[in-house]
Amino acid sequence: MAKKKTLNTKVSIGRLKLKNPVMTAAGTFGYGEEYSKFLNLNNLGAIVVKGLSLLPKQGNPPTRIVETPAGMLNAIGLQNIGIENFIKEKLPFLRQFNTPVIVNFFGDSIKEYAKAAERLSRVSGIQALEMNISCPNRQAGWSIFGTDPKVTSKVVKTVRNATDRTLIVKLSPNVTDISLMARVAEDAGADAVSLINTITGMAIDIRTRKPKLANITGGLSGPAVRPVAVRMVWECSKAVNIPIIGMGGIISAEDALEFIMAGASAVAVGTANFVNPRAAQDIIAGIRSFMSGQGIHNIKKIIGGVNA
Amino acid sequence: MSKLFRSSVRENRKLTTDHYLITLRPLKKIRKPKPGQFFMLSVDSGLDPLLKRPFSLHRWLGGDFQLLYETVGKATNILKYKAPGNVLEMIGPLGNGFPAGPSKTGILLVAGGLGIAPVFALAESVSSRRPLLFLGAKSRKEVLCIEKLRSLGIRPTVTTDDGSLGKKGLITDILIDFLSRQSSTCLPVGKVVNRYRVYACGPKPMLREMSRITKKFRLKGYLALEENMACGVGACLSCVVNTTDGLKRVCKEGPVFPAEEIIW
Amino acid sequence: MAKKKTLNTKVSIGRLKLKNPVMTAAGTFGYGEEYSKFLNLNNLGAIVVKGLSLLPKQGNPPTRIVETPAGMLNAIGLQNIGIENFIKEKLPFLRQFNTPVIVNFFGDSIKEYAKAAERLSRVSGIQALEMNISCPNRQAGWSIFGTDPKVTSKVVKTVRNATDRTLIVKLSPNVTDISLMARVAEDAGADAVSLINTITGMAIDIRTRKPKLANITGGLSGPAVRPVAVRMVWECSKAVNIPIIGMGGIISAEDALEFIMAGASAVAVGTANFVNPRAAQDIIAGIRSFMSGQGIHNIKKIIGGVNA
Amino acid sequence: MSKLFRSSVRENRKLTTDHYLITLRPLKKIRKPKPGQFFMLSVDSGLDPLLKRPFSLHRWLGGDFQLLYETVGKATNILKYKAPGNVLEMIGPLGNGFPAGPSKTGILLVAGGLGIAPVFALAESVSSRRPLLFLGAKSRKEVLCIEKLRSLGIRPTVTTDDGSLGKKGLITDILIDFLSRQSSTCLPVGKVVNRYRVYACGPKPMLREMSRITKKFRLKGYLALEENMACGVGACLSCVVNTTDGLKRVCKEGPVFPAEEIIW
């Protein structure tokens, strides 16, 4: 048995060093404040904040979420306060903690992506950028950022040139071959890829005969999608050399370890925060106790460690 | 005081075919909830149902507390089987309660259907101020809490959709009648404004009508809203409503909002 | 309220008339016999049998299934007794019932698909063919039948020329745009499309560090995938004019009705058979009682009836 | 007689930290199960766990029956909370039981760990034939059913991995010793063949070893296998094992197979 204090849970995402591999998933942890009363933000590997755009966005009308078997559909539609408000109102709070802040962001054009990245790179207290090219809840046409390899390549290259921060590209699962998209991101200069974003889904109220979500379709997340996410992480890990941040239905330490063994250098906890506001912290503790139980001194030893 | 806690079930009483009253004992000290505040509750530790569900404070018993719920779907139909000894994980109290208002104003309470769940909590806390309660429901068996209200000295005006108890019709129409009488016979419209405050909870169409009514009679009104919730703590933005002051989260800025703020 | 006896639940899939829209999903109902003691096969809209190939197949080694949150992964690998054995040993039993038999089949080459279709078309007692181009559990390369529009078009055209039976093409959800694949199948001569087949997934045993399935990856089915399946049916129903058979996580009449309102003319019950061997029959009864409760006299009135 | 039925829980007794004995009363008459047959059981009506789980007949009480189970994962950790009054949906009895064999042959029973669940059922049904039972477990607290066996007049030979009860080591080694003594001292190898029949259930490595042993001593042996199951009725092909006669389904052609048929 490894003694607890000798456990090394440090991982790297590009130049970014994390004290442990557990971060929060964009859009499920607000701007950090909301959960700061439930867990110690200092304990997290990183905090990923709700997706930001240059200007504030309204998002979609309600109903915005509906529960599905072991999962949920959301169609928030990337409502956010905008980058400037975030920098002014939210970032000072996050700077107090000894935990890297990763800003998830998006644009409605390649230019907007670049502008957003540039603006965010001029601010201290933001350690990395995660570009969201994979939200299923934006207007028609938007999805090509994450599903058309040519467009993906172009937008990632442009953002790469606009920032010197660690750049993470968040991939869509709604594609035929996600490992191809990971390679495209790598070739375009991404420091890491994160996956999966939500899978497009729909639910209908058979009594009113209306979609349960005002936006008609939404993104499926939660434990239901985990097997799909683990498979995709595994496929990508065989395809690229940059680190992978795995997510999709992680609710326990066992789940997180599945992703790590499939090839993820770090993981993000999303929907589980809603189920248990202390989920991310509990998962870190669980990983440590698994490591010490199994005599694993360094988490890096098990990254990609599945015998397949 | 972390708002994440577990409670053991003390009692889970069936009131009607579809309504239950559950009494919970927190396993650690929690903040005293205000009428209008709510709890997010896991009915099971499994993954289906996955999310916690919001339920309003129905009655605070000085440590133990009660929730009044209707069995409408997956979670509530599991909750009804919980028995003394079972333990439920919850978060709360969450959101903002009903603001009390100046002590001289009269209090009008309006509850549609299950809206009585939080409205009763408010009724109890302001019972010394002799509030008037307007209670609408689909039919006789959905009219809840009458006995408990009587013991507070409150005799609600009741309507049902089918006329099986009280007057047949909408509770908001009765309220309009009442307010019209007040305005025409006793007071000029302008005066009604300061004379009463209205607090309401119920189905969306009723609350929309309440916004119209409070506007028409220039009354200060407060509405307890519901919206599908995932987190309950302001993080997921699933529960927003459109207000004159932009999008607001029902779980955080609400669930109680000034009636005039809501854009329907 | 509509009286029970006046309810019309008949639907058509090409020239095939079904007494009600509920069939069984390939591979989850064996060859019909296994469940004949639990329900009355005469009550079903149609029976779809386990996927057949010209020659018997061994399938994958165990472990072949593993449960996941509200779903399961399977990697049976299309084990089957072969078309000739099916005709000799299983079909006579099925012919006794007053329920159409739909044979699900596949090949490892376009030629094999055509040969299988030809052979099956020479037998009486088989009312329709469902060609499986979308199993995630075959060897590498096989998936192009269901994911590469050019190959899909070619294999469907070839099979179309080889059979005069009602031809259903079973689509893969593991694609960027399933409505495109539905159009390709329609243009190539399919009488109907069925969807979804399983979504590729993976699960890892973190203690042994091995994939839980011997085949490493498997296909995800069950309630977990339902929102994805409903969305795909809805997308396809806007894209094609041929009927759609919807499936993926149907466990109750409500679920089946969701698919019908999304645009499916019929539905198939898969994983639910394992949970409740009487599921298909219970679902039919549930649809009837929904119809009579809502005053819907003819099921056709609600096909595609979602207001979206 | 449809094999789909519901049972009410009569008792659910904790035997060790991880082992429970549940007594069930079918709500309709079911076929009398044979030792070696099993039931597919839903521990809950929800979607997680989704599939039914297989459990062997442990004891038939002439109407009521018992299952012996270990809490290893999701379903069994829910099952352990079921209490009298709860109702569980199940399918069964399924599969083929242990074939009895000619009444003159001696019976050797071998159980590893939870393998005692079905082996006990067999022991009880052949107790008049004075079977010899070899019982292996990880440690003392995993040695189950000793008392019940005694009351049948059966005193098992016990081994544990850690030596905390009985001999330290593998139960199959003890069996080999026994069979070797029989062959060398009493009988020529050839004679052992007809003298004994072996019935075994336990973890895979043990059963593999049992195949080797029965082959070596040319004994007729029957092994109760386990494989992940979805349907339990032969429809899904998830539970196949490779045999000398091709792929066979554990749920349908098994779970009991002649030892020599299994290709390991």
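Order of writing sets the labels: A, B, C and D. Residues in every chain begin at 1.
Operating definition for what follows: a residue touches a chain if its C-beta (ideal position, glycine included) is under 8 Å from a C-beta of that chain, and two chains touch if they have at least 3 such contacts.
Computed from a predicted model, the values in this text were never measured in an experiment.
Where touching is counted per the definition, the chains common to subunit A and subunit B are C, D. In terms of their C-alpha centroids, the spacing between subunit B and subunit C amounts to 46 Å.
Taking the mean of the C-alpha atoms as each chain's centre, subunit B and subunit D sit 56 Å apart.
Chain geometry summary: the mean Cα position of subunit A and that of subunit C are 34 Å apart. For subunit A, residues touching at least two other chains, in rising order: 69-71, 222-223. Among the residues of subunit B, those in touch with two or more other chains are 47-48, 74. Chain contacts in this assembly form a complete graph, since each chain touches every other chain. Taken in their complex, subunit C has these residues touching subunit A: 68-71, 73, 147, 174-176, 199-204, 206-207, 209-211, 216-218, 220, 222-228, 230-231, 234, 249, 254, 257-258, 261-262, 290, 294, 302, 305-308.
Those residues of subunit B whose C-beta lies close enough to touch subunit A in the complex are 2-4, 42, 47-52, 74, 89, 91, 227-242, 247, 252. Listed in rising order, the residues of subunit D touching subunit B in the complex are 44, 46-48, 74, 78. Every residue of subunit C that touches subunit D in the complex is listed here, in rising order: 27-30, 34-35, 37-38, 50, 58-59, 61-67, 69-72, 74, 76, 79, 222-223, 251, 271, 273-278.
Across the complex, subunit D is touched by residues 69-70, 223 of subunit A.
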